[in-house]
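Chain lettering (A, B and C) follows the sequence in which the chains are written, and residue indices restart at 1 in each chain.
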């Protein structure tokens, strides 16, 4: 494996793990489609920040985009509660509208901006090794996106580690958490902010829609295989790295988009895990039928 | 402006064709989409749209051709597969529907992107134009394709017209449809198939990524204006067609703009405006209603204050100053002026020539007696029927007095047997 | 305990769902140390009442006092058991994980649970007879076991007032038996337990004190006082038509249920 490949796989791995850890809570909160909506809706924020600042990554842009993400959830809530539009339609109307604005902005200023429709759809992770971080004295520190994705991973691991109890209880039983005096609204918006930040950082590498694949597929695969949250998170990390590695080699083999191949690989792992659990379920059911009243599940 | 006329004179046969084609596609997709909307399956529609991409790519890889029927065939197969997968995953595992939808959507799309980039990089056959399925590019559709799509769209609309009643029942009351002996399974199959086909058609104009908008947004807009399904579908179709027109116009004037996002922009603006301005369910109507309530409450409170002032003087004194009123009951400055304006407008009070004095008119006295009467009989109701203690009833009566209609008043009086006094021993003023 | 303030006071509570009133001017007080049943027909607002008491919903009017104080000041002394169906039991957690949530506080949310917290949680599990299942996934439990886990989580809070929403729904006879035993033990220790219960038949046997509800308060008192045929008839004999008509009007016309000035405080009663 060349150094370039290693850079790509590592960056992809960091991003996949970040997305997976956030996604694990996203699917447990039954908000996978809200995550999908946010990943589309941050586009106009990113495009505007590009047009104004002309640069890719700075902290203001990150925070601005995170704010757009949180605003998206607020807008969806408003349409749902105030305009009494059903929830799935509120999500659909909001994210397509914001995404359309984003694409229009990009198309309109396509000459000024180093961002195009293809980048929006499937990112530019293949160019990671070209984007080097050089100090003023010329020292080469390696690819810049590698650092950015490592920073994102650090942020998310910290959040999940420190906020584990709050995230868990506000996900499992929000009413009970409120009764204990824990602010579920604060956790909701904090978490949505995290989803937005993750989306914005990952966007550049894998594009708007494939972010969702990384957020949903690895944790869904892990969730199929275990009933313990901590184990689920560890399995998510495992599948996320496997997604990055497998996706890279699939892309090289087929000469196609790395992000697309990562989503394909993640889907393959899921299909395998799903088939495995189905097989297990059917083999568990057969002997049960034979000994109809097995007393193993008594109270 | 030249371009505007060049476009809307429709002298260019190509413009004519593409525009009417796009409008027709928008119309049929939006009409079919309203069933998905009503069945709360619009996000599944979004997933199907994304899932069509690998079908198109595979069909191209396999047949090395861009024949519209072949591409539609591939689209139909992968769209169907996506829909079945979503249902299978959410029924047969602990994963919830939203996870299943997100998973299928993004993974299928990822496979599509992988195949599409593979085709582009290896340069198989005449692949140019395949990427137009991503964001749509109406102007790029060639004549023969458009005829093919038109035929399919026409068939879809025909099926909907034919099975309208059945689909309607299936959408609003599936249990009843089952019970009344309809072949629910087959109907669902037909509806799903035409939905997948409609989505496959729609992506010609808006592209897979924004397809959800063409399913959901016209219906969301139309729903704000009507309760009737047939009207809603016609409206949704009209909105879809109009947006198609706008999209192809922009595509015509600015060739490097993708059509899809502009169609979606147009759709979204119509939907947001509908949700805001619709007289039945709109936000604006609601705000106006709340304002009306507010005016009613404060003006009736002012009437009551005047009545109480009269009552306290045993109906001797009839002229009061603003100060007297504000002493009787506190009002915010704004409320007080709103209420005064309303009372003057209705001629419930007459200004007296001596400055800042008011007198209730005959009509005003009648109105004030009505409000006080409602307050006091409601207090009776609260103590007699709802077993509330006399010292607990006032706050509730303060609001409910403003909402009791003559019909409810009649019912209350009858139930309570026309009481003379309220629980605080104040007399209940009946109509003179 | 009897010298203490009432465990729960509800003052003129009015609450609505999507602007439609579901509770009208509910007003009662409950003494400490009793088993209390909140009883009424379907849709009579029992769960809504509990949610308003626990601050999960904002009332349109009126207020609630617990031990003479606002909820925020006495949260440690109040525990809530939501309806079993209100959570997704496929959530990846073990029985012990869920019961330990009873020890979560705003103050220790970012810290590890102490050894004492863990001990208290294990004890609570023991009390409901679920300690052998501590490591089991919650998705593998029967309905009765799930209910006992919820009660154990609540016990782990070591509160004085317990509010339980339908703990007897979908549980087997043996669980029902053991919950009842547990409740009487709790009463012995001077705890107050308020239970939302839909079954009139068993209510008399289970509780000392009954709150009879049908969107309005029909009666609140000792079970002997409340179990009178006229009162039961009133609670179960349908809604007051005038009241439902006004409720419809309020939601249709988007009317405020309380004018601003009467939101929190009692009115002056001049009328």
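Here is the rule we go by: contacts are C-beta pairs under 8 Å (C-beta built on N, C-alpha and C of every residue); 3 or more make two chains touch, one makes a residue touch a chain.
Quantities reported herein were computed from a predicted structural model and do not represent experimental measurements.
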**Prompt:** Using the mean of all protein Cα atoms as the middle point, what chain has its own Cα mean nearest that point?
**Reply:** B
**Asked** When all chain pairs are ranked by how many C-beta pairs they have in contact, which pair ranks first?
**Response** A-B
**Asked** Which whole number of Å gives the spacing of the CA centres of subunit A and subunit C?
**Response** 38
**Fill in**
Chain centres from averaged Cα atoms put subunit A and subunit B apart, in whole Å, by 30
**Fill in**
Chain-centre distance (mean CA atoms) for subunit B and subunit C, in whole Å, is 36
**Message:** Can you list every residue of subunit C that touches 2 or more other chains, as numbers and ranges?
**Reply:** 88, 139
**Asked** For subunit A, which residues are shared contacts with two or more other chains?
**Response** 30, 223
**Numbers and ranges of subunit B residues touching at least 2 other chains** = 94, 96, 286
**Asked** Within the complex, which stretch of subunit A touches subunit C?
**Response** 28, 30, 162-163, 165-166, 168-169, 171-173, 175-182, 223, 226-229, 231-232, 297, 299
**Asked** Any idea which subunit A residues touch subunit B in the complex?
**Response** 27, 30-33, 35-36, 79, 82-86, 88-89, 91-93, 95-97, 99-101, 103-104, 107-108, 110, 117, 121-122, 209-210, 212-213, 215-217, 220, 223-224, 250-251, 254-257, 259-264, 266-267, 270, 274, 277-278
**subunit B residues touching subunit A - in the complex, by the definition given at the top** = 37, 40-43, 46, 50, 89, 92-96, 98-99, 101-103, 105-118, 121-122, 134-135, 209-210, 212-213, 215-217, 219-220, 223-224, 256-258, 260-262, 264-265, 268, 271-272, 275-276, 281-283, 286
**Complete:** subunit C contacts subunit B in the complex at 12, 14, 24-25, 27, 61, 88, 90, 139, 216-219, 240-243, 245-246, 249-250, 253-259, 262, 266-271
**Fill in**
Listed in rising order, subunit C residues that touch subunit A in their complex are 51, 54-56, 72, 75, 78-80, 82, 86-88, 91-94, 97-98, 101, 104-106, 109-110, 137-140, 142, 144-145, 153, 157, 172, 174-175
